[in-house]
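Structures are listed in the sections that come next.
Both complexes shown next keep chain A, but they swap its partner, so chain B is in the first and chain C is in the second.
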Partner chain A sequence: MADFLSAYSIQNWLESCPQGYLEGTEFGHQPGESEPELLAQNKILHEEALRTTVQLVVGERCALAASSGLINAAPDEASKRFLATQTLDEARHVEIFTQRLYDLGVARRDLESVIKQYANHNLVKFAGVLLEKVDKKDFVAGVVGQNIVLEGMAFTVFEMMHALNEQMNPKFAHVLSGTIADERRHVGFGENRIGSLIKEFPGKRPEIERMQKEMSYYMLATFADAFRNNPAAAEFDKLQQPQAHAKWQGVDLAEMPPEQMESVLADTVLKEFKVRLGRIGIEYQTPARP
Partner chain B sequence: MTDPLESAEISEKPDTQRQRFVLDETGFDEVPKRFRKFYRKWRGPGDSLAANEVICPVCKVVIRSTRELRPGDRIYCMPCMSRLIVVMGETGMLEALVAY
Partner chain C sequence: MKSKESGSAAVEVHDLDPQEFLEQVHSFEFWFEAVEGYLSGLTFGFRPDTVDITLPDLDRDRLITVLCNYCVGETAALEGASGLIAIAPNRMAKIFLSTQVVDEGRHLEVLLHRLRMLGVADPEAEMERRANRSLQLFKRRLLELVSSKDWEAAIFAQNVILEALEFTVFQNHARDADPITREVLLGIVKDERRHIGFGENELGRRLKTAPHIRARLGQVKKELDHLVLDTLEETMKELNVDAGEREKLGRSYLEAAARLGLQP
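What follows is the complex of A and B.
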């Protein structure tokens, strides 16, 4: 029984989310906000914005497939109802990040081809590992993969992106802010549900630990592809465009080369995985570094 | 349920009565309106916790009670639905452990 969900209800979700931090927003941001002119004017920065946003759409499409797929695998009614609200959260995330692609100038007829062009193959493999568990209706592995590994990664990545965009792109920062609020519920469900369930199924641990290791590797490979040889920082330097200070995890991201940002992000996510998994009795497995 | 402090661990003598706090709105809007004053966002390095506050280890939100918190207290984090137990951390600051 998911006792921690006793205070959770669809009503609570309505008052927190659509009537709370999303009230008055349009696609997650304030009405009238737009992308910075620089992104439309500069080809390199525009392409990097497209590439980044496509990864968000790919990740959220995976989360939508996973959370909806897990509803019928859930062993109790409270978890089914929670996953129903999570499914709507994830569908919203797919929509708002897709809308950002439109805002960046992608034509609706070109959406799928743009996603196919920029989707990172390591992120697609990351999603594949999770969706295989969901397809098998493996609730315990599916929730660890979805609500602890995927959502744990998203929670940290969105926080970092929020810090980077807070001053330079308030529109995108507002979009991210709402998704971070959603992720709090999702990681909370993952930890609390699995924290009690793993005690009932201790034999699942080795399989889950292998999945975490595999997903973590593909996550790190995605980070490596995203940060190494990323031309955006050099372009900012070339344009002599001052980057606003972006404090996160006690460092200033604006003063860091992309490779160092990759290292800070990877270390932060892996540390979080280790702590979260340790709390619920799953031994963190160190992935290979790409 | 209103205050996140669900139960205090020990029956207290008059001379150890807990300090009371009046909570203001903090701009936190991730829970229904009547609960919003009980939470705030952690502002990172430079921020500090008052005697009625503790950070949720699951979602990193600061949980605020109308009463001073003490080790052994059981509290609830509404943004991530975690039930927590207050402990004294190694640094001498109050911390919270998740009770599954």
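What follows is the complex of A and C.
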């Protein structure tokens, strides 16, 4: 375990993250990059950009609360130190997505009310299930909920959003690529560290499986709310705005109706959950479909 | 997180309005620019070309005891700072505390690494064995304050008392330490300065608007002072610091609380 955890040291983190792929960036993007004019001009697209970014802030605030809360529950020093780097990663994500809200024109004094207005209630429930485990200082369930379920979801969602924005909004795509690199590290830690703890505490399996099923349901409900009745695609059609091809998971997202995109995203995340949970000895539970 | 080569104009933080000032100085961006200067090129807190000298057995053993206790203090700081994020009153404080969490994690890591360099095979077990009782009691009390969600008392214990203790001890120890330990400690001291600044700023603003908090903090200070002064005394004895100097260091620690208007 010691050798594996040494790969997650703060020294490695300093070299690979702030002194590596974040070097020279400003709130996660290249200096001088800005949001596309279209987002400022079009009311519907602007509101959808706000709504999407608020969900990212809500998710990252949850991740910040969870990773910091798990430090005191961690059974060894090396895990505490890895979670310290994860805590700062999550705080950085909160900061850069909050900054995006400011860049989209949200006044600082209105930040909390905008978040309250647009936060998806299913995402809030998703966070609630995880934070309940963290509050109880349940390290094993907390890390599975945080580093496998939440981070696994974030990783896939960010990858999809990155593909969609790579050509249309390079600033946002750059912000996402840094967070994707962070999430990859977090998921890796979860899989590596928790496998051994699950073996040590096999009695925890049923409770963790229930948590995964519940969190997965709220995740799917959040996706459903985000994609169904989303006016952005129709607005792009109305504007006859040329959409750049966005290849992801073998499909072209630019040619898909939102419902199909929802289905591709949900299937990708759930497939990843199944594989990752299998690796740590947890049996994936199929959630109800909203 | 601009690189030094980016050439972007630096913002003079003291020209900003108070809210914007806090947004700036509590941000990840600000943290990175601050640490980049003094951590760049270091491995586990020291320059790779710094020569490690062989210490006489007794000095080595005393240094191990001292470093083990520093690790106990840094573990307390790591657990305290991470627990404080949940009760921080706003996003900016949460983000600042996240930078503090990683600072404290780094301190623990570089000190454990130094212990391994000194031949300690299992530093965590050694920490348990050599931990000072007063410091352990301090750690327990700090974490109780954090668990009870008493923001002012916990931030006072963590970012004023504990950080001031570490700052005083590490700065003094660095003066006569071997080259590697000195570099490690001076890097830590630079972080502690930022943490103390946050604690004093946060509490200073609160004390102005809610002076009744002062009595509660005075009570916490009274309760923790003897644990801190005991720890200081023990550590300085291990470092062969004479009685006069020990008393001076005790006063220097007490001055941190006095800056907030809490008298010794």
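For the reader, a short list of remarks on this structure follows.
Definition applied: the second predicted complex is superposed on the first by the 285 of 290 C-alpha atoms of A that agree within 3 Å, B and C clash if a C-alpha of one lies under 4 Å from a C-alpha of the other, contacts with A are read in each partner's own complex, and residues count from 1 in each chain.
Quick note on the criterion: a residue touches a chain if its C-beta (ideal position, glycine included) is under 8 Å from a C-beta of that chain, and two chains touch if they have at least 3 such contacts.
Quick caveat, the model's predicted, so the values are computed rather than measured.
Counting residues of chain A touched by each partner, chain B versus chain C, the larger count belongs to C. Shared-chain residue A:Gly188: touches chain B; no touch with chain C. When the two structures are aligned on the shared chain, A:Tyr8 is found in touch with chain B, with no touch to chain C. In the overlay built on the shared chain, the residue A:Tyr218 is in contact with neither chain B nor chain C.
Contacts of A:Ile280 after superposition on the shared chain: chain B is touched, whereas chain C is not. Of the two partner chains, chain C is the only one that A:Glu95 touches; chain B does not reach it. In the superposition on chain A, A:Phe227 contacts neither chain B nor chain C.
Applying the stated touch rule to the two superposed structures, the overlap between the chain B and chain C interfaces on chain A comprises residues 19. Those residues of chain A that touch chain C in the complex are listed here as 9-11, 13-14, 18-19, 22-27, 31, 64-65, 68-69, 71-72, 76-77, 80-81, 83-85, 87-88, 90-92, 94-95, 98, 108, 111. Residues of chain B that touch chain A in their complex: 1, 29-33, 44-45, 57-59, 61, 76-83, 98, 100.
Considering their complex, residues 1-3, 5-6, 8, 19, 23, 27-29, 32, 36, 39-40, 43-44, 75, 78-79, 82-83, 85-86, 91, 94-95, 97-99, 101-102, 104-106, 108-109, 112, 124, 143 of chain C touch chain A.
On the side of chain A, the complex with chain B involves touching residues 4-5, 7-8, 12, 15-16, 19-21, 181, 184-185, 187-189, 191-192, 195-196, 199, 247, 250, 275-276, 279-280.
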